[in-house]
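Following: one structure in structure tokens, then a few remarks.
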């Protein structure tokens, strides 16, 4: 079993084999994402009770905000895992996956910040406060941006992937430290009493389900988009190989 | 001693060479030829382990240099297009530091001697940035006089040198080869070095 | 023999960088000047209310120290890269991470230590009392080497890239944040009667962590950048 | 003929520097992100209390702007110096000060302007109100070009430096200070009900002064440095 | 046309040369000789007006170049030890900018033509920093093909070039001289250029 597994991994660690495989998977994940998204938003808009706010428009934000915040963190972890594997075992496919994940991660981080800010206005009276969660999410955005900036600053794609991969790994060591240090930093001053009180009321099961389903939808979306992006990266990085040239010429 | 196996080098979209094989034994000189952009510098950097090859390997005493690293470096001197000397430091300081960085302590008078042999008398204590182009190159080359390494990798060592300095360098390389050293060099100039075994590889042909 | 040759190499790396800096005093002094100016500016920008100044003093001094240390990072490897000496360093028969550590030490001695030494003066200007000043000094002593170590990774990653100076800050500043928080937070926590023991331990732990991981990461980054 | 060829030359100097920066798409954005990060660091250093942040906001934003400008100015001429293009620029058949002005303009467009544009966002984060934000914007608009112009003189002088590095710090940093004081002080003064008119006039006068003298000084400094 | 009068050049404590006199007329080539550090580069930079002489003067059409400056620069092309090209820009962009900086607009195909003549076909759009040493030199030299200046000052133009490129450059200089241009160059290599009037000055002798 273990042997068979490792053979499969070896098989898909070659861009040439992974390319068509990814192509087949994309529609599945794409459709799943769309369907789940609709269900989740339906629950958000029509099923869940308006316990948090009188205005539905504001209230639905949480169904996007929380899953987006989750995703922003998960994606960073996965990205740095891929980067680590790429650095240690020198696996090209892993490099490309890390590269492909970053923009989506940054997008979710931005989404979490944005929806949070939109929601902060009615509930705290300010778009932004220097709260622990908010601050650490902002720093996470900076880390993503750093990763992408470094990548785009280097011409040679191999060097770019390896340099930014190293950055992702170093950042990953630091992320939990940042997360907890920011928490601790903030608890030294007065806390924000609004949030815990409202989290209590979140226990309504339809809210929980709505969020879980949307989180799942975001996952599917991420997989689909990342697979799509990684296919483009494969074509670009392997363009001098014969199989890509054959592929391109057979298409045109 | 040094063996290059099925080496391939790719820069951007261009494959510079592929399936390159050769061996070099003690007492042999390899003259690498090729027109501008043929890949000579890239090959030399790969042999030094600065650049990772696209495929193939470089072996030293039968082992891949990537796994040897420090041990391989101990026997290696590389001179690239850049001189690798600090402009703010004098020639003397440059040599002193470069030898102590490789872990050896060379007596001061030996370093001065090397500088004088390279025709830098009276210029030992000037910051090297005020030296002329050829004098800077001479400082970089003076390193060859004080190292005890066996493999010399020299990328166009003769640039910027005047006729006299070229003669000095030629004699130096010949002596190194006679003492069972290995040398790989590139040059576009017509230079004849008096050695037993002279190998030639032309990269433009590949 | 190999042991002592490594020692010789890493010592001469340190001496080399210190000599180079002494040849061009600009580097050392601008960092210090910058630090002094940023901090002295605050009473002008914020107004002269003493309690307010005292409240923000540790934070301001820490941020200024962090930025000043970062200012000098850009040149940590780039000079060596441009004149070809970095190639030679990569080809030395010694673990690259040890040589890197020497370079970082030199960087700290030149840009970190002067700031630490001058910080009590500035803290006094901003109205901190004796006990707070000593504590601030200790946090800077523990924190600034960690800043240099982390900064080295960023400097190595951005080697040879245009706009390197700004890119470094983008990569490195987010990683600096824990040090900033615990460094600046220590004095505040002390003033609030909570004691600063925990802050100092965490800063110490952080220094240890970076001391172990940063040189290796920097060495890897250098090899990638020179490829 | 000579008139239009000068125009062509100074325009292509501008285009050249903009293209060089655009080659690295990150280059423009990083200055901005740097600015953003530096401003975000201050709350982390001094704590999240809103009233206090509002008090120090103009000073913080101004210091960050100065830093961003200083970080990127270091390389204004040094890249051109090292690859020999500066020699070529000195040998162009046009007044050097005009070409220098183009270079400084390019620098400001790339690092000053984006920062001015995004400062309202940061000011909002730090709790400044609408009126104060507009005023801050105006001071930055007047002050940052002056920073670039003064910095250029320093950058030109640093090129051929041997021992007198102290001179540059002594020369350039004190010139930055008035800009900082009047820039950061304008909002403060407005809040105190004293009006910001005087501050703005002084900033404007400073900009005019540097616009006239800085390019010529820079050109002279360059010729000296290249000798 | 170009006249050097009682020129003296001092660097630090060293006087490189003193009382140097010569004139150069249209259609003449001056080959500057001298060993490393003799002062060739210093002389060339003084002739271009980059360095101020310790004493003596350089005249162009009878006037001191220091007072002419812009007018003098209009007729001058200088190529130093450094190539003076931007690594981030392509060869094409480098040439385009270098010509428009001097106030001229050269058509695109003329620039491409120049690059092809210098053997850079297929490398026009790469950032020049990835080019080989010799290719970078070729980009710098391609400027000679698109300028209309009369005085060329070339400091070791043949360095890093392969045999083919040297031939191209030799022909180029010969053509320039024939068209009544002036050229001053230095080189340590043995290069024969086919021109009418070849002057030689050896700085080591002074």
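Letters A, B, C, D and E mark the chains in the order given here, with residues in each chain numbered from 1 onward.
One rule holds in what follows: a contact is a pair of C-beta atoms (placed from the backbone, for glycine too) under 8 Å apart; a residue touches a chain by one contact, two chains touch by 3 or more.
Note that the structure is predicted; figures quoted are calculated from it, not measured.
The minimal number of chain-to-chain contact steps leading from subunit C to subunit E is 2.
Most remote chain with respect to subunit C, judged by CA-atom centres, is E.
Farthest from subunit B in terms of Cα centroid separation is A.
Subunit E has its Cα centroid 30 Å from the Cα centroid of subunit B.
Chain centres here are Cα means. That of subunit A falls 32 Å from that of subunit C.
Subunit C and subunit D have Cα centroids separated by 25 Å.
Rounded to a whole number, the gap between the C-alpha centres of subunit A and subunit D is 36 angstrom. The set of subunit B residues touching two or more other chains comprises 12, 81.
In subunit C, 23-24, 161-163, 167, 170, 173-174, 177, 181, 188, 227 are the positions where the chain touches two or more neighbouring chains simultaneously.
Subunit A has residues 142, 145, 149-150, 153, 156, 182, 185, 188 in contact with two or more other chains.
Residues of subunit E touching subunit D in their complex: 48-52, 70-71, 73-74, 76, 78, 80-89, 93, 97-98, 100-105, 127.
Only residues 126-131, 135, 138, 142, 145, 149-150, 152-153, 182, 185-186, 188-189 of subunit A touch subunit D when the two sit together in their complex.
The touching residues of subunit A, counted against subunit B in their complex, run 156, 239-240. Taken together, the subunit C residues at the contact with subunit B in this complex read 2, 5-6, 8-9, 11-13, 15-16, 19-20, 23-24, 83-85, 87-95, 99, 226-227. Taken in their complex, subunit A has these residues touching subunit C: 87, 139, 142-143, 145-146, 149-150, 153-154, 156, 158-159, 162-163, 166-167, 169-171, 173-174, 177-178, 181-182, 184-185, 188.
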